[in-house]
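You will see two complexes here that share chain A, one where it goes with chain B and one where it goes with chain C.
Up next, the complex of A and B:
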């Protein structure tokens, strides 16, 4: 039954993610005084890329290079589907929040390793950068999620966090630990989405799209889908764990949750990425070890001190 | 390609999003640190100097306008001064002012374009879009004045080919006010924390390095070299307008200083434009017709220089007295700034290479020359297009 629900949720999360990408591009363009592409442009791009030839560099480790985008997008979509199932209340597994974040981490790592296996020196530089960035933001992100969902029942589950918020209102508005954890999570979201100012792994002018440099056609379509789903899943996770609002009916609440995810992503990813410059790799690591980490640990401390 | 245990050779170009024009920076990196940067050119050689020797003096005017798509006024501006100097032609005062006005408009659009490129290099797309959008208003005025946005064909030997109407003059006066606002806004943007963090202390060129490498223009002025052709070798209307502008000079020599100098120059160009428009002479006179110019230019040689947006632009012209050139030599500001780039890139982080590279505002296609290198002795010399056409033969 769960497998069927996950299968049904997969196209839903993929569609929502690509649609958010369209909103992101449109809003970003409007903020810069441009018209921007149509909302469905990411769908056009995806379909067009799928129809292109598959090109594999001669110097690449063929198996890793070709399978990584597929595995990465499958893992990202699975993470998003698990989250949707948890929100719908049909998945009540302890620790599913940790599982979702872990799947997103492995999806990112796989893509980097796959790209680096192309043999391109820029992809190799990007992998080194990516690993450093990944571990610097994933730690505060994980702590903030744990701090948010630890009060729910069953432990560390999306369904538990939703149940709790249906009773006592949005976590970020009703507890100090929730507010601190949301702030930390929001600061980590641009790295999850690999957007400015933290897009050091795929910076066009520095590493020529980094690990994505050699990918084209269907491989690029899947790689982009993986990134897109990871980005939206992170936003949906933030919306459901911190800002789930009881509105009486479950479908309305889910719609509000999705809308909340879009708004959070627009603030944390779109607006931030439009108005600031890219930072350096060591600045990324330095940043995450300071403010987001302090906020996440503060959230955990507040929870442990019984202020939840 | 592995060089040693930790050193990696990373080709930054010749086709790279950061370089725009085809140039190859072969970087040797140790992790994220650049140990050595070696610049290789030769991808866009067009043989303009050699071609100039096969055209008459008037035709060359149109040829040199095509040396650079951004400084398309600075090149003919400098060239006509060299030829007028040989021929002893005195252009009317109004023509000199119009040349100056267009030169300053060109500086405005160049610096705005450059700010956009800097924003792009830093991943700051809003800055890129803003700078390029406001640049459009400068290009619109140039188009209304001359009929073209880029290849404007303003200069003629002995004068100019376009006049300034009252309508365009009024629009320029409004533009001057806008330019001051852009300069103030861009100055604020440069001091945004993320921008400052990327540019301050990066790609430092000390004053002594700037002098020893022969850096020019904003690149040199950001390192404390107080030199500007407009003030120190005044030409056209700059002599009259000397009191209307100052030369921004900074001492820190980093990428931020180079950006700040250019932003300050936006405001100074606005001051110059305002003064030039206020004191524009009314002696309208057409330049001499081309056939007369061809007859009247004697055999001789001359040099001229102007302050192009990127720095000092130098022309040497030798005429044959029959309406042709025996030799034309162009030294573009980028050529003068490239040795400084090698100094700036030493020990920077890989992430800073695009910003440092952009900070000299390089124009590769203006700079390209072909060198013939003797593989045995290592001796090198420049060659002409005609020689290349015949094959290097004994020269190689």
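Up next, the complex of A and C:
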């Protein structure tokens, strides 16, 4: 039954993610004084890329290069589907929050390794940059998520966090720990989506789209889908763990949660990416080990001290 | 520009009319400056076959066929306007037309 629900949730999360990408591009364009592409442009791009030829560089490790985008997108969609199942209340497994974040991490890592296996030196530089960025932001992100979902039953689960918030209101508004953890998570979200100011991995003017440089056609379509789903899943996770608002009926709450995810992503990813220029690799690592880490540890400390 | 000014500028632009238009979906005409150098308009009746344009063309886009008939290779043309500048009879003009795409080979041949 759960498998069927996950299968049904997969197209839902993929569609929502691509739609958010459209919103992101439109809002970003309007803030820059442009008309911008239509909201459904990411769907057009996806379909067009799928119809193109599959080209594999001669110098690449063929198997890794060709399977990575598929595996990465499958893992990202699985993470999103698990989150949706948790939100709907049909998945009540302890630790599923950790599983979702781990799946997103592996999805990012796989894509980087796949791109680096193309043999392109820019992709190799991108992998080195990507790994250092990944370990910089994943630690505070994981700590903030643990701080948010530690109070619910089952422990460290989306369903547990939702149940808790249905009783006592949105976590970020009702506790110091929740507010600190949300702040830390929001600062980590641009790195999850690989957008400015933390897009050192795929910076076009520095590493020419990094690990994505050789991907084209269906491989690029899947790679872009993986990134898109990871980005939206992170936003939906933030919305469900920190700002889940009890409104009476479950479908209304889910719709509000999705809307909350879009708003959070617009603030943390779209607006921040428009206002701020790209930072350097060393600055990314330094930044995440300071502010988001301090906020996440503060959230954990507040939780342990009983100010939940 | 400070971050505060950038944020304020971006926030106000969000609700203002955008500077660009939804080209080519919007029917409204895109205005180009008077000095714009677009598609070449050549009038063979005015041409006296002096071949100054051939000599001055920096990209070798103008060739001469039989009986001093001028032919333009638009794939090589860089729209610099040198040919129009040197033509003593003003037989060559650069128009404001910038849509140089043809949807079929037939429509290109007709042109």
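Operating definition for what follows: the second predicted complex is superposed on the first by the 308 of 308 C-alpha atoms of A that agree within 3 Å, B and C clash if a C-alpha of one lies under 4 Å from a C-alpha of the other, contacts with A are read in each partner's own complex, and residues count from 1 in each chain.
As a convention for this text, a contact is a pair of C-beta atoms (placed from the backbone, for glycine too) under 8 Å apart; a residue touches a chain by one contact, two chains touch by 3 or more.
Just so you know, these numbers come straight off a predicted model, no measurement behind them.
Peer 1: Applying the touch criterion given at the start, work out whether A:276 contacts chain B, chain C, both or neither, answering first, second, both or neither.
Peer 2: After superposition on chain A, A:276 lies in contact with both partners, chain B and chain C.
Peer 1: Counting only touches as set out at the top, which of chain B and chain C does A:204 meet: first, second, both, neither?
Peer 2: first
Peer 1: Looking at A:125 after the superposition, I want to know if it touches chain B, chain C, both of them or none. Which is it: first, second, both, neither?
Peer 2: Only chain B; A:125 stays clear of chain C.
Peer 1: Look at A:27 in the shared chain and tell me whether it touches chain B only, chain C only, both, or neither; answer first, second, both or neither.
Peer 2: After superposing on A, A:27 lies in contact with chain C but is clear of chain B.
Peer 1: Determine, under the contact definition given at the top, whether A:247 touches first (chain B), second (chain C), both, or neither.
Peer 2: Once the two structures are laid over each other on A, A:247 reaches no partner at all.
Peer 1: Which partner does A:297 reach: the first (chain B), the second (chain C), both, or neither?
Peer 2: neither
Peer 1: By residue count, which of the two partners contacts chain A more extensively, chain B or chain C?
Peer 2: Ranking chain B and chain C by residues of chain A touched puts B first.
Peer 1: One more residue to check, A:64. First (chain B), second (chain C), both or neither?
Peer 2: In the superposed model, A:64 contacts neither chain B nor chain C.
Peer 1: Residues on chain A in contact with chain B in one complex and with chain C in the other?
Peer 2: Touching chain B in the first complex and chain C in the second, residues 31-34, 274-276 of chain A appear in both lists.
Peer 1: Inside the complex, what are the residues of chain C that reach chain A?
Peer 2: Per the touch definition, chain C meets chain A at residues 3, 6-7, 10-11, 13-14, 16, 18-22.
Peer 1: Of all residues in chain A, which touch chain B in the complex?
Peer 2: For this pair, the touching residues of chain A are 28, 31-34, 121-122, 124-125, 128-129, 196-197, 199-200, 203-208, 274-283.
Peer 1: So in the complex, the part of chain B that touches chain A is made up of which residues?
Peer 2: 1, 8-11, 16-18, 29, 31-32, 119-127, 129-130, 133, 192, 194-195, 197-198, 349-354
Peer 1: Which residues, counting only chain A, touch chain C once they are in their complex?
Peer 2: Where chain A meets chain C, its residues are 27, 29-36, 271, 274-276.
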